[in-house]
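Order as written gives the chain letters A, B, C, D, E and F; numbering starts at 1 within each chain.
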């Protein structure tokens, strides 16, 4: 029930953001649409029997995003330097980083954060470990130091 | 004030353009598929982010800015997912990453 | 002529032509289907530059997913990934050259790019643009024409889509055939 | 460990948003680019994404092929029906201005309804195409004879 | 100044196209198609501002939302050779 | 400068001819359908080019703008794109069935098999 309500709230908020109009007709249609999509999404959840438990501390999530953006900028500058170097000096490697202590949503956030930072791409999640392909050694070292996963663990609900 | 905003916005657009082109060059220069994934991600993250940020500064607090933010957020969800799916597909297709020991 | 739009349009069209030729040359069907995705993205860009935002929207929605999925499923179902060598390519090239030359000759009578005096802009289009705001009362002229002035056409188009869907259903059978046992059907 | 964790979770997050976006496109076709055709395709795409990730059979349980077929027909019927209602109210076929008290009100109502019909049909046909192409087993149809021809 | 951004995106489009044409593997082509989508988002957004009517961002939004569907279809295609199945035929996970 | 005004049409002709070449020269039915799609898109671009008016903007009415591009071609092409997908799907479905029946989707092999049957 809580899940349905928060989904409805998110969808209604998205409608307002997209529409930006406040005519009665459009607002009514928005409520109907959000409710309909909500129903369909819950029906999908019921049929496949899985849904992500979205339960994070919003304030910390915001702080995580800020940190992630900073990391993305740094990583971008590093990779761009490699791209523009007259002779390529790449040292690609594949390794696994542990993702224990994270919920499924946390693992997915972790994998996608890894991919979002240029220089590292997550290629598989397996046995609570994430396989990573790294472009250059500094990027690999950065990730293996585990700062990202520590910050993600702090986001976990308990 | 307006001038300052404009200046920042131009800087964002220009540096965004620079990163977009850099990503494109990397896509062409890098030796194998997995390394090219990294180059493409330069375009997808900082290049796109800066250009859209520059456009946001141009339109100020308006409907267009909201849509630009939404585009950015959705891209940040979908583009790493696509990259991940692609890397998986390549591994599945027995493409061996070029790894330096 | 507004130079900026024309140049962007021209560059995108050059990319489009290059992509089309690359698709024609590729022997690998799968790669061809993938490049067709780029073709669709580029044409959406061209449509935006030529002010056809509604068309670009449709192309975006169609090209981003459905078209690729249909091609991929067909390749998966037939299991044929490589194309055999072209048959009689020289004859086709000759045909293409002759028809192409005739068409190019024909273009010299066409109105120039963006010509506001072109005959196409003189008749109903002018009326739609001037009157639809008052007559229909909605700002998007494309929607007004599509749904109201040309409602018959659109009904026809929807019927065609529906019929095509039925056709595919007849050809590939839905899930009904697989679920009901052929024995209890008779 | 479940298969394709990233895809499943991200799809779960994005599919409702895409569906809502499709409905937004459907109902804002009057003001900006958009309308039934685009909305239908986007809605269909979202559903196809679901089918790709969670399996076509799961998707068939969410919206059964029968429902899809019936709704596709309903869309066309809604469109055609608006025309018939216009005749019954003393106008010509598909002349929306007789549908409401004022001419523009009638046009609005008519356009809204037929765009909805278009969107419904297009979405359901797209989903139906996906079902057809994924449900087909070549072995059932060898040499042009399928099971119930026999 | 928007034209500078558009020019940058067009140049990158050309580079990406070159990658798509050269291959060499089919994955490189898919990668090119996928990142071409991002460039299309950018050019549509930039062009709206260039012509002074930035109200058409919905088109860019569509690509941002559904451009990855094609890639996922490709993944399914390579894994199962069929787009409808949801579980691998052999249990080993990759 | 005047001659550049025909550039779009020339590209359209080039695309159309590429499509025609694929349809006539390639024996593979899937490739033929890709060719048909390229041909189709070239027609779309032809229509939209004709609808463009210099310095005009998209035909969505706003205050203070009086020069719009022609909406009529947009309407025709918008529906044509979705119809195009539906008919492409029909064509591909036919290809799938042909493959089930003949075991091949190569035009010349199909003709040979037909000749052998009769």
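A few remarks follow.
Everything below uses one rule, namely that a contact is a pair of C-beta atoms (placed from the backbone, for glycine too) under 8 Å apart; a residue touches a chain by one contact, two chains touch by 3 or more.
Everything numeric here is computed off the predicted structure, so don't read it as measured data.
Both subunit E and subunit F are touched by C, D.
Number of steps on the shortest path from subunit B to subunit D, with steps defined by chain touch: 1. In terms of C-beta pairs in contact, the better-connected of the chain pairs C-E and D-E is C-E. Chain E has its Cα centroid nearest to the centroid of all protein Cα atoms in the structure. The chain with its C-alpha centre at the largest distance from the centre of subunit A is F. Each chain gets a centre from the mean of its Cα atoms; for subunit B and subunit F, those two points are 31 Å apart.
Averaged C-alpha coordinates put the centre of subunit A at 35 Å from the centre of subunit C. Centroid to centroid, with C-alpha atoms defining each point, subunit B and subunit E lie 11 Å apart. Look at where the CA atoms of subunit A average out and do the same for subunit F: the two points lie 39 Å apart.
Counting partner chains per residue, subunit D shows two or more touched chains at residues 1, 6-7, 10, 13-14, 17, 21, 25, 31-35, 37-38, 41-42, 45, 48-49, 52, 54, 58, 122, 125-126, 129, 132-136, 138, 141. Contacts with at least two other chains are made by residues 23, 25, 37, 63, 67, 70, 74, 77-79, 81, 83-85, 88, 91 of subunit B. Counting partners per residue, subunit A has 14, 18, 111-112, 122, 124, 126 as the residues that reach two or more other chains.
Of all residues in subunit D, those touching subunit A in their complex are 1-2, 5-6, 8-10, 12-13, 15-17, 19-21, 23-24, 27-28, 31, 50, 54, 58, 61-62. Chain contact summary for the complex, subunit E toward subunit F: residues 51-53, 55-56. Subunit C contributes residues 4-5, 8, 11-12, 15, 18-19, 22, 28, 30-31, 34-35, 37-38, 41-42, 44-45, 48-49, 53, 56-57, 60-61, 64-65, 68-69, 72-73, 75-76, 79 to its touches with subunit E in the complex.
Chain contact summary for the complex, subunit C toward subunit D: residues 53-54, 56-58, 61-62, 64-66, 69-70, 73-74, 77, 135-140, 142-144, 146-148, 151-152, 154-155, 158-159, 161-162, 164-165, 168-169, 171-178, 182, 185-186. The touching residues of subunit E, counted against subunit D in their complex, run 55-56, 58-59, 61-62, 65-66, 69, 72-73, 75-76, 82-88, 93.
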